[in-house]
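Chains: A, B, C and D, in written order; residue numbering restarts at 1 for each.
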């Protein structure tokens, strides 16, 4: 759990760095996010006059919900403690909880930017979430479980083979991950340009430690999605339950490598593409939804697993 | 009445007749109204006595389980209507719609009409039935026109002409029945006595019976108000005094139906004759659906409920046409419930129209706020007539629909369609009448709510609980009807 | 002898039908009323003949009513009405005369087709009578529905009623015939009075209430 | 037990009669009204609490009992029976009833005309209490209609504005339509001999066609009450029109009674189902869920929004039922039990959170003197802290978020869908994933919907004076809300309680049950097998709480605790006025742009004044309910046309009427001639 927390800023730092490099900038140092975090934590909170208790509680809850969700993913080993607490659907729902609270927090101050953010976020979420569920269906149908540990174990075993459905699911999951993490082309994490921002608009009113929690949550989320992709589609090297310390260490190392690879790929993807108009996003996400549905349908029909 | 020299079936006839004569002579409307009530009460008592004391069938009069139902209903509603009429007519006199002279005429005619209807019900001779129905018709024609407004006279005239044609057709049918019975029973009055006819009906010429039934169906069907022979009914209800509307809907239609049922039994007793059922089913459905649609565009509150009577007569005739123990039972129950409910509605509507000074529905709104008692009575009455539980109409509709659907799904669907359409119309109107922004006069009411409550209570109880004695009796009648 | 009985009864009934057709054919009100009177006379004859062959004297009363009331009183009243109310002498028909004649023929055919098989077991006199009576009834009804003015509609109703009386007398030994014919006469009288009272000129259904008020001598 | 429950219903009716008598007795005026309100709701609360205990005992104790009362159809009597299914629904009904009565102890005091509510409220409760107990067709329909009729009167309790009257009309017509459909269904089940008792119906032999017809009619009958698309149109009008506690009952409980009717007929009375029966149910359920929530997203009226959300949840329940039917038909009893449990559990959850939400809406109404438009609310969280917390929990439950109860039942539904590839039928192989997608979509949209509803109405800054001056609601109301919210949390954390309690129901209906949950380690729930899926609400909750505490503690330990209040920043935009906030309409605009053109045929166009004109520019939106447009309006128009055509028959001349007589005569004679 804490590992996730530790790695998250690093990953974001990596993505930023690679992007900068690809854009021929030097970019901030890799550890810049840690510094950001520290700085934010030490700043005072400037709270809007009409903020309610919900506004102040939300960052913590958003952060923890994301964190718990990430902790439930078998990052480097299957059968981690309490991994049966929630299955994939529950994990996704946890993220939805985080988003729900964030959306409320955005509306709490009653500014127009908060509204823009919440409004667009809800659009994205309401398409991304079903797409995720469809992906879950695909995977669960192949693996015969919605328990991530079991899925990962199954995927790591030999009898999976290559499947069209899985490919669909992968593409869909990547799309969803991009959308969920507010990356280009759906959103631009670096912008503060009014008309384009989604996630940033929602957190506009946060400052100080609250902002730190929100930022951390966003970073954790990125780790979460990359680990999810990694553990489902590239489960090699995952330590089996009770595999011994060495295996765990191996798994952890591999996981870090996978994350790094994911981060680099993400950065490359982001640099190579421009941001979309908000109203093209539904098409983008709808594509993911259709892919997920198609994948599930194929599985239902082939009925072979 | 116990121990009187007059037998109850004669009393049922004599009381109204004597009262009619008396009322024709007496001036003073208060007294007349009281006498009217008393006479109606006496008739009711006599009718109740028929329950216990069943006289032998004579050549002219006879009483069996079937017509006791009708007589009892007839005298009961006649009695409550006379109570209602006493308060209603008083108000009419006050506002000058009627003069004292007309009131005397009115009361006399009321009893004469009761006499006619009772006679039709206890008569054993099919010719006598015919005469009695004609008498009842003529008296009601006169009463419908009693306000002597343009519309009232027109309504009365329409009623009169259409009724006359109907009566002529019924007579032709009666002659044909005689003709059918003649070779079997022989010449003379015996061939018109129903108890004799039914006993030997199987030997009659079936073709002639069929033909007779067609004429009787159309003839008495006109009186029942079956579409497309119904045209007189809405106007007669709308333009006459409200007690008469109540009696028309609650009683006269039943009397005509009774005549029809008697002949139906005759036909049913002959295996070779056409089944009368399908014809009745068809006419019933046509009336139901037609009236249901007609309910929508009504502007006059009484005319609307008149169409609702057509609708329900359609259901009743349909039920009797479907026959079978369930169908007949349901038809009988529905008829009883309809009489009680519809007359209660007319009582309510009468008071409403008096309070508001109009029968136009557009000018009556928000009654539950301005006149809670009348408003809620109307809502309850409409709910009852629309077949909503826990009222009795629901039970009979339940039986009709559910028993039909398993046998004839298509017919039941048409039936349900018609019921639903009619329901929509009635509720649409009652919603605007009883709820919504109050419109129009909000003066106090001097309503005699007792008859309304009594009827509704009866209907309510019937929906929840029917006494076993009544059920056995109705079942017996249902068996009689085949 | 029975043959003769039958023939005479048959002829009389047949001429009633024929007269009904003549009524259908009439375009002028006055002539129509005259035909009605003739219709009633023939009915009276027919009833009387039935009274004779059935040996039922009370039927003579019916015949007398028919003769006096329907052949004399009512036609007179109708003529007066035409004059008094200034009714158009032309009869306004809904369908053409030819068409209504055709319809009439169809009705006769219908009544024969329906009645003759149905009355196979009945005495032949009554059988013919009743079939023809049905024709008269139907044509009477046809007259009522195809003529627009009140008088001809009354005429239609009268001929309808004549048909019924014919049927009633044809049915041997039917009781209450007299009573029924009396009741009917009352009905007709009421209709005629009603037309007088309400000043129903052209149509059967517009009641002229103002005329009524004048008649009653009171103003509201 | 059964007798006691029936007596409870009788007691409720007696309360109603007393209310009427009290009214007739002349105790009018404000004080009399207040006393009557307290007495009636107190009585209802006592009775329904008692009935709740009884029903719960019956459900847990596995009581079955039958009773025949000499009422109703004379030769049949009124049969009543208590079994697991009816006990389960009774628990739901009585819980909802008790909650609403308790709430109304406070809320009812604000009623303008209490006497338009008080006499009908107990009758409504009695009707809902009796329907699950009825064991013959007549008693069933009688109670069913009693329920409809009483709720109709309650819808009309606030007869103004005119809209409410219209809503009431539409409601009663649709209700009557439903009743007639059920009546026909029972007619078919009873057969021509009229075996109206349910016991006789169960044993009867039927042709497949008859069974299919019964299914259709049951869908029409129960569906119209439950609010299945396309029979839903009345629901968003009627439910909000009633006083809020009644809305809560109608949405939360009455729709469930309809679900009960459906289950009773389709799972119990008809007999062995066919696999294709699930197709219409799943299709309807899926489209109901999606359409309901989309409408909710677009709606500005707070209570109507909740009503649309009810439609969505009914859709979810029916998806569960459809799955259960499909599984049962193919013999997968365990899976059927899972799907049925999901449906029932969701029904139960919906009762809880929707009651709380409607109570909250009622509190808003009281606080703001009847403001239902969310665009005119805002900032209530400051003025009404208790209500806002309770409503937040309920809204999260409605949005199916863990660790609350709404999530658990949807999770179960997903699990049921995941078992469905086992089904052999091709049609279902295509349909079920699609339905799954709709379900997922509905869940996601529900979250958006409640973000919008809560965010606009309760958060932000007050948009009107009424909202700014809102006051916290009374103790009874807040207690009722908090109670419901607490139950939402409770069953979210310990879903095993409900699942195990529902086991006898599924055993009775599909002959199997879900594995016992209470024995699982750490109180997690395992629908099929440990390796397949599991969920543990408690642990998720504990994790969240623990890590939130940890994070908070850490931050408070290490980070700056300084806090300064300042005007909102909003990218530096100064002098924000409340009207510059995002409105509910603008919030849902992106989704409207995406779904609107297809689902609602919605259009937007801008009315731009000419240059120089001082008129404001306006953006005009149009939204249509296509079902209304293409189903109801045509029917209405057809009826209108038919009446118009037929209406000419009222104004004919006598001669023409005679033509009818003449023609009928000739036709009948002709027919007779041809027949012979």
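Going forward, a contact is a pair of C-beta atoms (placed from the backbone, for glycine too) under 8 Å apart; a residue touches a chain by one contact, two chains touch by 3 or more.
Just so it is clear, the structure is predicted and the values come from calculations on it, not from any experiment.
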Heading the list of chain pairs by contact pairs is A-D
Taking the mean of all protein C-alpha atoms as the centre, the chain whose own C-alpha mean lies closest is D
Rounded to the nearest Å, the gap between Cα centres of chain C and chain D is 69
Per the C-alpha centroid definition, the whole-Å distance linking chain A and chain C comes out as 98
Between chain B and chain D, the Cα-mean centres are separated in Å by 43
Chain A and chain B have mean C-alpha positions lying a whole-number Å distance apart equal to 77
Listed in rising order, chain D residues that touch 2 or more other chains are 654, 658, 661, 665, 669, 672, 676
Each of the following residues of chain B touches two or more other chains, namely 157-158, 161, 165, 207, 210-211
Where chain A touches two or more other chains simultaneously, the residues are none
Pairs of chains in contact here are A-D, B-C, B-D, C-D
The chain C residues in contact with chain B across the complex are 114-115, 117-122, 126, 130, 133-134, 137, 141, 144, 157, 160-161, 163-164, 167-168, 171-176, 179-180, 183-184, 187, 190-191, 194, 198, 200, 204-207, 209, 212
Contacts from chain B onto chain D in the complex sit at residues 157-158, 161-162, 165-166, 169, 207, 210-211, 214-215, 217-218, 222, 228-229, 231-232, 234, 274, 279, 290, 293-294, 296-297, 326, 366, 368-369, 379, 383, 386, 388-390, 394-395, 398-399, 401-407, 409, 412-413, 416, 419-421, 423-424, 427-428, 431-432, 435-437, 463-466, 468, 470-471, 475
Chain D partner, complex, touching residues on chain A are 1, 41-50, 52-54, 60-61, 63-65, 67-68, 71, 82, 84-87, 89-90, 93-94, 96-97, 99-100, 103-104, 106-116, 118-120, 122-123, 125-130, 132-134, 137, 140-141, 144-147, 150, 192, 194, 204-205, 208-209, 212-213, 278-279, 282, 289, 292-293, 296-297, 299-301, 303, 305
The residues of chain B that touch chain C in their complex are 125, 127-128, 130-131, 134, 138, 148-150, 153-154, 157-158, 160-161, 164-165, 167-168, 171-172, 175-176, 178-179, 182-183, 186-189, 191-192, 205, 207-208, 210-211
Listed in rising order, chain D residues that touch chain A in their complex are 378-379, 381-382, 385, 388, 392, 396, 399-402, 407, 411, 414-415, 417-418, 420-421, 426, 429-430, 432-434, 436-437, 439-441, 443-445, 447-448, 450-452, 454-456, 459-461, 522, 524, 530-536, 539-540, 543-544, 547-548, 551-552, 555, 558-560, 562-571, 573, 576, 578, 580-583, 586-591, 593-594
